[in-house]
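Each chain gets a letter, A, B, C and D, in the order it is written, and its residues are counted from 1.
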Amino acid sequence: MSVLSRNQMAWRAAQDLPDGGVVNLGLGMPVLVSNYMPADRDIFLQSENGILGVGPEAEDGYEDRNLVDAGSRRITLRPGASIVDSASSFAMIRGGHIDVTILGAFEVAVNGDLANWDSRVPDKGPLVGGAMDLAAGAKSTWTLMQYNTRDGAPRLLQTCSLPLTAPGCVKRVYTDIAVVEVRAEGFVATEIIPTISAEDLRARTGASITVADDCRPLAAPTIED
Amino acid sequence: MSVLSRNQMAWRAAQDLPDGGVVNLGLGMPVLVSNYMPADRDIFLQSENGILGVGPEAEDGYEDRNLVDAGSRRITLRPGASIVDSASSFAMIRGGHIDVTILGAFEVAVNGDLANWDSRVPDKGPLVGGAMDLAAGAKSTWTLMQYNTRDGAPRLLQTCSLPLTAPGCVKRVYTDIAVVEVRAEGFVATEIIPTISAEDLRARTGASITVADDCRPLAAPTIED
Amino acid sequence: MAIDKRVQSAADGIGPVKDGAVVMVSGFGGAGFANILQDSLLEIGPRDITLVANSATHPFSHTHKLVEAGLVAKVIVTAARGRGSDLSPFELLWRDGKIELECVPQGSFSERIRAGGAGIPAFFTPPGYGTDLCAGKEVREFNGRPHVLETAITGDLALIRGDRGDRYGNVSFRFTQMNFGHAMATACGHTVAEVREALDEAMPQEEVQLPGVYVNSVVAVGGEP
Amino acid sequence: MAIDKRVQSAADGIGPVKDGAVVMVSGFGGAGFANILQDSLLEIGPRDITLVANSATHPFSHTHKLVEAGLVAKVIVTAARGRGSDLSPFELLWRDGKIELECVPQGSFSERIRAGGAGIPAFFTPPGYGTDLCAGKEVREFNGRPHVLETAITGDLALIRGDRGDRYGNVSFRFTQMNFGHAMATACGHTVAEVREALDEAMPQEEVQLPGVYVNSVVAVGGEP
């Protein structure tokens, strides 16, 4: 099996969402997770523009321009959904009422530091949105990202080189080649795709990483892109 | 004309309420003010349990036990009323969105200090409610009170002797014998009942008080008690 | 598992309560008292609880039963004065040093609870400055005006009263029934709502006043609307 | 005079705007942009305004027109990045030092505005700690965790978008149209709501999402629901 596709990565992260949990999915790849939530689990998706209970995207012709998520997608509501204003939505986030947030990331450090909002493109304006609030406020912050940059540089690092989103917040990292937990003792790989050796993984990591004793093969079903 | 009755005092204070204003009336005598609001002014009464737009008390048989004001009166709503929770209600009060609050008082000091919540009855528990928030938060705080205690002691003082509700908040005092403004230069009587001389008034006041150049007779229509 | 927060009894909703727990109870002005839940808490009988409620002595709230039964080590309230000149059960215990009392201005009380639910540990506020209730608190000037630093209140258990609830924990309130219920539900580890009516289907989103994320259990207890 | 906050035009609602005014504009994710009011503000043409809005560059919000016209001296936003790699008009002005930028995490942004309307000048909050956006801000530990001190944002003028409004200034929102509109309306000296439909009669209290006390003018502008 080769590296996981974006959809497969999203599928893999979705399998760990807690039944009955409240989950916020960041823009970009994380929002794909909503397509793969296990059917036997009842999960509420929160969107930071004030929705508790985001449903599927609206079908063509049934969109409502005032029913959007934080990523401007025209969506529907699931049964039991409710809507609040932005201040109340972030009271929910900051107050620890979100069980899991899955965010994109540029870099994650061995102490859980997250850098996901500023890649230092010259002269481009900043865009922080709710990233810092979600990273600091959710009970668990997971990231969903390629293990390495396009140039092959590591994203799992001893120390982040890019501006931080929040210190010490990341608990787990889902990638195309491994699932890595950020524990007190450092990065621990709990799943690795079969074609990658522990040695390969270490070479592609910018910090010390150990392989869990019970490390399993990282696998996902075939998903059409 | 003799001293004003409680209802006449309430009538007098009601005449100064601003058209289109938002007004909070404290428990006890101040709530009587709602009976005498000028018919040509459109005034919204706020109650700190979350009502904006308190209407008249409910008639017998039409009460709703869940529609009450902060004084537990079973009330109605006026057209345009809305209801929020306590945190939002005090955000409204603290945020300066109440034009006038009329509160009862034990003592008012020449610098505007208000004492209206703790008369130091031995062993009785405290009851502060929203008094401190209203006194500190309203744009204007007026008091409605007898000019003197039952024993004839002054309530308008150089310094309050009872525990403060809020420092420097009172702008105007409505009483049974005079209307007094609390100005930078001190107490200034702007209306006095005709049977009381300036000398009498000074003798019944616990601080220096001046009579305004344009001081008028304090008068109110006859009201059945 | 399809989420269903409806339970058969108050005791099922409350579950075990540890000695020393901080318990919040809604209700103000005669509306929104969670009395059936308080009766159940009395039977469960935890010791040394801290009670966070608007009043320790309101005759309509069963809070006084918890106090009289000796379950309460401390109250955080805005009112603790029995009616009339005789001492209430609370006042007798308080006079004899058998119960601790923290009296808080009502706006600071509601905002401290909201802050507890919103992840804000402390805030500066004008009300209470210069009064006995805020003696010893940190003071700082903003815009030339002194403010006191107030800290968040959080709890282990919130007992609130609503009108309708659904399987997702969404709650609606009738008129002024909401008062402190919303903030309390956000500020506690476990929230139980007693409601007149529990709905089989999801409440329409525009009727939800307290999102289900803040409610762990819903108990239908009937009663007049 | 019977209250009637409905006005015939956006310009009537906004009235004169001083140079240097702080103007807040609602809208997020494609919903709730007060674009007709922004077009009117463009015609009124105040100089050196500070714009408080979620984004300085959102293509659906006419905020960018105000920026391009050179009316804006400073923005307080959570996003200021144009789409694609080319620089947006905002980014060009910012690069050339012609516009000042304060970028705020979205939860702190919404809470600072709520605080502005709620009379709270400052609060401690976890998000942003340890990041460039909060460099230099006061830090204090609560419960073993570092927090930054954030200060309130208030404004002179709020331009918000709602669904329906009534003569009393009460406003309802459609789905996620509310976002920042509620907090902004509470935090500004003058608030104008553009709504799809203005009602002759009072909105039923249970439909009111923004109480009329926070709204000075209501302009019906039509548009799809």
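General remarks:
Just so we're on the same page, contacts are C-beta pairs under 8 Å (C-beta built on N, C-alpha and C of every residue); 3 or more make two chains touch, one makes a residue touch a chain.
Remember, it's a predicted structure, so these values are computed and weren't measured experimentally.
Chains making contact with chain B as well as with chain C: D. Chain A and chain B have Cα centroids lying 56 Å from one another.
Centroids of chain A and chain C (each the mean of its C-alpha atoms) stand 35 Å apart.
One inter-chain figure worth recording: chain C and chain D are separated by 33 Å, centre to centre, where each centre is the mean of the chain's CA atoms.
Among the residues of chain C, those touching two or more other chains are numbered 111, 114, 118-120, 125-126. Counting partner chains per residue, chain A has residues 83-84, 90-91, 93-94, 137 touching two or more of them. In this structure, the chains touch in the following pairs: A-C, A-D, B-C, B-D, C-D.
Per the touch definition, chain D reaches chain B in the complex via residues 1-3, 114, 116-120, 166-168, 170, 186, 201-203, 205, 208, 211-214. Chain C meets chain B in the complex at residues 28-32, 56-57, 78-82, 85, 87-88, 90-91, 94-95, 101, 103-108, 110-111, 113-114, 125-133, 163, 173-183, 224-225.
Here chain B touches chain C in the complex through residues 48-51, 64-72, 74, 83-87, 89-91, 93-94, 118, 121, 123-133, 135-137, 163-167, going by the rule given at the top. Within the complex formed with chain C, the chain A residues making contact are 19-20, 22, 40-42, 44, 46, 52-53, 77, 79-84, 90-97, 137.
Note for the complex: chain C touches chain D at residues 111, 115, 118-126, 140, 142-143, 147, 151, 206-207.
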